[in-house]
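Common to both upcoming complexes is chain A, partnered first by chain B, then by chain C.
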Partner chain A sequence: MPDFSSVRRRIFAPQARDGALRMAIWAAAGILFACAAWLMLDVAVRGAAGLDWRFLVDEPARAGRAGGIGPILVSTGLILAVAIAVAAPLGLAAAIFLAEFLPSGSRFAAWTSISLDVLAGIPSIVFGLFGNAFFSVWLGMGFSILSGGLTLACMILPLLIRTAEHGLRMVPDEWRHGAAALGMSRFSSVWRIVLPAAGPAVTAGLLLGLGRATAETAALVFTSGYVDRMPSSLLDSGRALSLHIYDLAMNVAGGDRNAYASALVLLLFLIVVNGLAMSFSDYLLRKRIAA
Partner chain B sequence: MTLGPKDEAAGEGAAGYTVGPMLAGPECCTPEPVIGVRGLAVSYAGVPALKHVDLDIYKGCVTALIGPSGCGKSTFLSSLNRLTDLVAGCRVAGRIEVDGVDIHGPDVDVQALRRKVGMIFQKPNPFPLSIHRNLDMPLREHGVRSRDERESRIRAALSDVGLWEEVADRLDEPALSLSGGQQQRLCIARALVLQPSILLMDEPCSALDPLSAETVEKMIVGLRGRYTVVVVTHNLAQARRIANFAAFFWVRDRAGALIEFDTCQRLFEAPAHDLTAAYVTGRSG
Partner chain C sequence: MFFHRALAFLLVLSMAPGFAAAAHAGDRIVVTGSSTIAPLMAEIGKRYEKLHPGLRIDVQSGGSTRGVTDVRAGLSDIGMVSRAMTAGESDLLAYEIARDGVAIILHRDNPLTELSNRQIVDIYTGRATDWADVGGKPGKITVVNKAEGRSTLELFLAHFGLGVRDIVAHVVIGDNQQGIKTVSANPGAIGYVSIGTAEFEASVGTPVKLLGLEGVPASVANVKNGTYPLSRPLNLVVRPADRERLEPVTSFARSADVDDIVADQFFVPSHP
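On to the complex of A and B.
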């Protein structure tokens, strides 16, 4: 920790102001922490009541008031699988192109970068409308897991490209030069050296994207739909977990208990995914320091 | 190219600097050029870094490039294996021949050129892979299919740099777990494993502690005769210890230029140019 105390003293000369500032900072942090803790505890306590093994495998009954979330977990898994299966290779390819092959500072690079930032900032409901118009209607997929997964893929693509590109750019040029000086092709240099070195960062980005997709509701309302039966193919409609929670809480009287239980499942999954993402970036950081 | 008379070396004996092998053995003092550079000019984003360089590099000899910082030594070196291609905005003009072939010719295979002309960097840059894979990958890349051949070449290269004894039982450990000096020797082995005929070294010892630097320096001396070595060094004593020939670069008109090229001995003891004399005696640069 650098010692800024002398600077701080000069800026906030009166001791009282220093104390007030410190209190404000602690209060802000405390309020944030309390909010998060309260929210999680609330979901955990109320959700745990309805959560058991049967809940995870049973079909929902009476519009979700009773029964479990078996088919919904399956639909969620399929939607996420479609989204990642499409977005991961596309995102990685785009990131490799941007970081390794496009000369930095070119106009094309600048435009791509701006477009990515704009895309990343678009509200997910807009992606939902686009997905409905493009995948469901224009490509004729209807309300389906495929349509929902592809919409989510579009939504998380900017995030995946950005994180992977950043990870690739963190790889020191020395290795690229070393590979080139050994007469290795550009392709092998990227594939065998740069990409493995950027692996943890790329994976962390993928997990963040997965988390974002899992938490998504708005983009799925018009694309994968509400049907809560067990899907028999990717062209069936399937209800995602987040949508199930939304529906139970908003449209089904007496659905609170199962809404909370479902929310707890979603929360636990997100905690695991984000925890993995964090430990990966941690790992990367430690490796960089060691190297 | 005539060689300095022997008694000059004898007079220098007190200081401990000789160019012994060059005067003693015929194999590295036959001035047979393998690299011919004519009218080389290099610029970065339009700013010239090197101008009008004419230089021959002789087969089996160690040629040292010396000169102050920023005079274009590294630039010269990386134009010899076309590593300058990797730098956006870098333009190379002039003619460079390696074994009589223009390396900027239309049907030159750059990968084959770099296989023949190996390069070692200032900062050791082993790949973040195992020791073994660092050497195995370039061999696979260049289509050495036979596992036995790869293994024997890896072993030979590691022995050449004196690393075999040290790492034989830990070939699967990460290369980054080696010490700095070991890493640099691994990088040299990685270049040797491809059996190049020419080695370019950009200040190979300057990032190392004195002991490792000495080991690497001894190793370079061991390569003399078998390989053509071009080495950039800021360490003038080192240049005198290891090099047969020396080239002195200087910044002239805001661009690097070759001022003088001669046998190492004469460049240090009887330089033709005032700038060289001032630099090698430590009065400038």
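On to the complex of A and C.
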């Protein structure tokens, strides 16, 4: 512990500065933890009352105040599946192109990274309006899970590309040189050496994207829509879980109980996905070190 | 292997627009607009679907203005508009399916029977803090306000010409039931809730009373006949060309068959 009686006299003494810094860091971490814990406890306590097995499988009734969220969970899953299935290969390919095949000092690379950063900072409602105009209206998909998933894919692509690109750039050049010395083609050196080495970073990027997509409301209002029926194809409109929570909390009188229960489901889902992805990336890292 | 699968997926994806065109055949009715009406219309749609197997009513929210523009652009069949139609919207046919009314409520033991608009504004902006200031029995006023985002809050603010930031509230509530509970437990409280809920609670003996506005008693009947000032119509709008095709849906939404659904959303049915 720092000696506070001497702080005034030795305000610039390294010891006092270190102590103050340590206090500030602990306070910041404590506040952060308290906020997260408060939020989670609040949702858990208020949501647990309405949460049981039937809630997860039943159809919503009385505008969501009664019944469950079965069809909404299915729609949410399908929207996320479309978004990841489209964004992951595209994002990975773009990241490989940027990190491995483009000279890093080129003007094209600089412009690409600026435009990616701009894209990543665009509010999601703008993506929602774009998705509505492009996928729903121009391509004629209407209000559909496909349109919502593709809109989310556009939204998370910059995030995926940037994190994957950073991961690829972190792989030491000696590995590439080694592969080249062994006569491996550019493609197989990327596919067999660089990509597995960047695995944890790529997984982390995917996870961030998935989390952002799961929590998204504004981009989905005008694309995947509001219909809470069980979807029978990707071309049906389907309500996402976050949109359901928003509607129950803001539009439906008496919807608070089920809004909290749905929020708890969303929170648990995010925790599970985070946990799975973290252990998967640990597994990749261990395999890489062992190999 | 991975690339083959990804390629196959993209091929399937590129055919999607073709499928979409086929899916938008005549068996689907798209309704867009006001988020206040959307939960009500979704429930009405579900009941209509049960009576007409094979037909689907897809309800999308997004706001009253969007309801009008989507119908005009042909992006939807029916629009939902939770306000009176304006002069510039006479190109569309409007059907009023229900009305949304808000009642000012006091505790039953409060001797006041009427407040002027001016007095209500004074109370809600914190200029009057004691019931004696507005001609009542001395006692502190507890101002109960709705949480942001509620349509009743919007209606209340618009009617009294207030902004969200002007209001000085002691208690902020979410739904109507919470408002009823807060006011009935506090003799000095003033609040506002959906008129259907308030009238029902007062009739079953909950100690609340509904305050008349501008000389008109607050009642579901006066919302229905349009004389009660703090209310708004909930409209469905269609293009004149679609009038006959959509007539079964628009008349079903205004029929007595959906009265229970309308009441369940705390609105007042309006029949043709």
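By definition in this document, the second predicted complex is superposed on the first by the 241 of 291 C-alpha atoms of A that agree within 3 Å, B and C clash if a C-alpha of one lies under 4 Å from a C-alpha of the other, contacts with A are read in each partner's own complex, and residues count from 1 in each chain.
The criterion applied here is as follows: contacts are C-beta pairs under 8 Å (C-beta built on N, C-alpha and C of every residue); 3 or more make two chains touch, one makes a residue touch a chain.
Please read all numbers here as calculations on a predicted model, not as lab measurements.
Looking at the shared chain after the overlay, A:193 reaches chain B, while chain C stays out of its contact range. Of the two partner chains placed around the shared chain by superposition, chain B is the only one that A:180 touches, whereas chain C remains out of contact.
Contacts of A:62 after superposition: chain C is touched, whereas chain B is not reached. Ranking chain B and chain C by residues of chain A touched puts C first.
Shared-chain residue A:143: touches chain C; no touch with chain B. Look at A:104: by the touch rule set out above, it reaches chain B but stays clear of chain C.
By the touch criterion defined above, A:221 reaches chain C but does not reach chain B. Residue contacts after overlaying the shared chain place A:256 against chain C, while chain B stays out of touching range. The touching residues of chain B, when paired with chain A in their complex, are 81, 83, 86, 88, 110-115, 118-119, 121, 123, 125-129, 137-138, 141-142, 176, 187, 190-191, 194. By the touch criterion stated above, chain A contacts chain C in their complex at residues 62-64, 85-86, 89, 137, 139-144, 146, 221-222, 225-229, 233-235, 237, 247, 249-256.
Chain A makes touch with chain B in their complex at residues 103-105, 172, 174-185, 188, 192-193, 196-197, 287, 290-291.
The residues of chain C lying in touch with chain A in their complex are 6, 9, 13, 16-17, 19-21, 23-24, 30, 35-36, 38-40, 42-43, 46, 56, 58-62, 75, 149-151, 174-177, 194, 197, 264-266.
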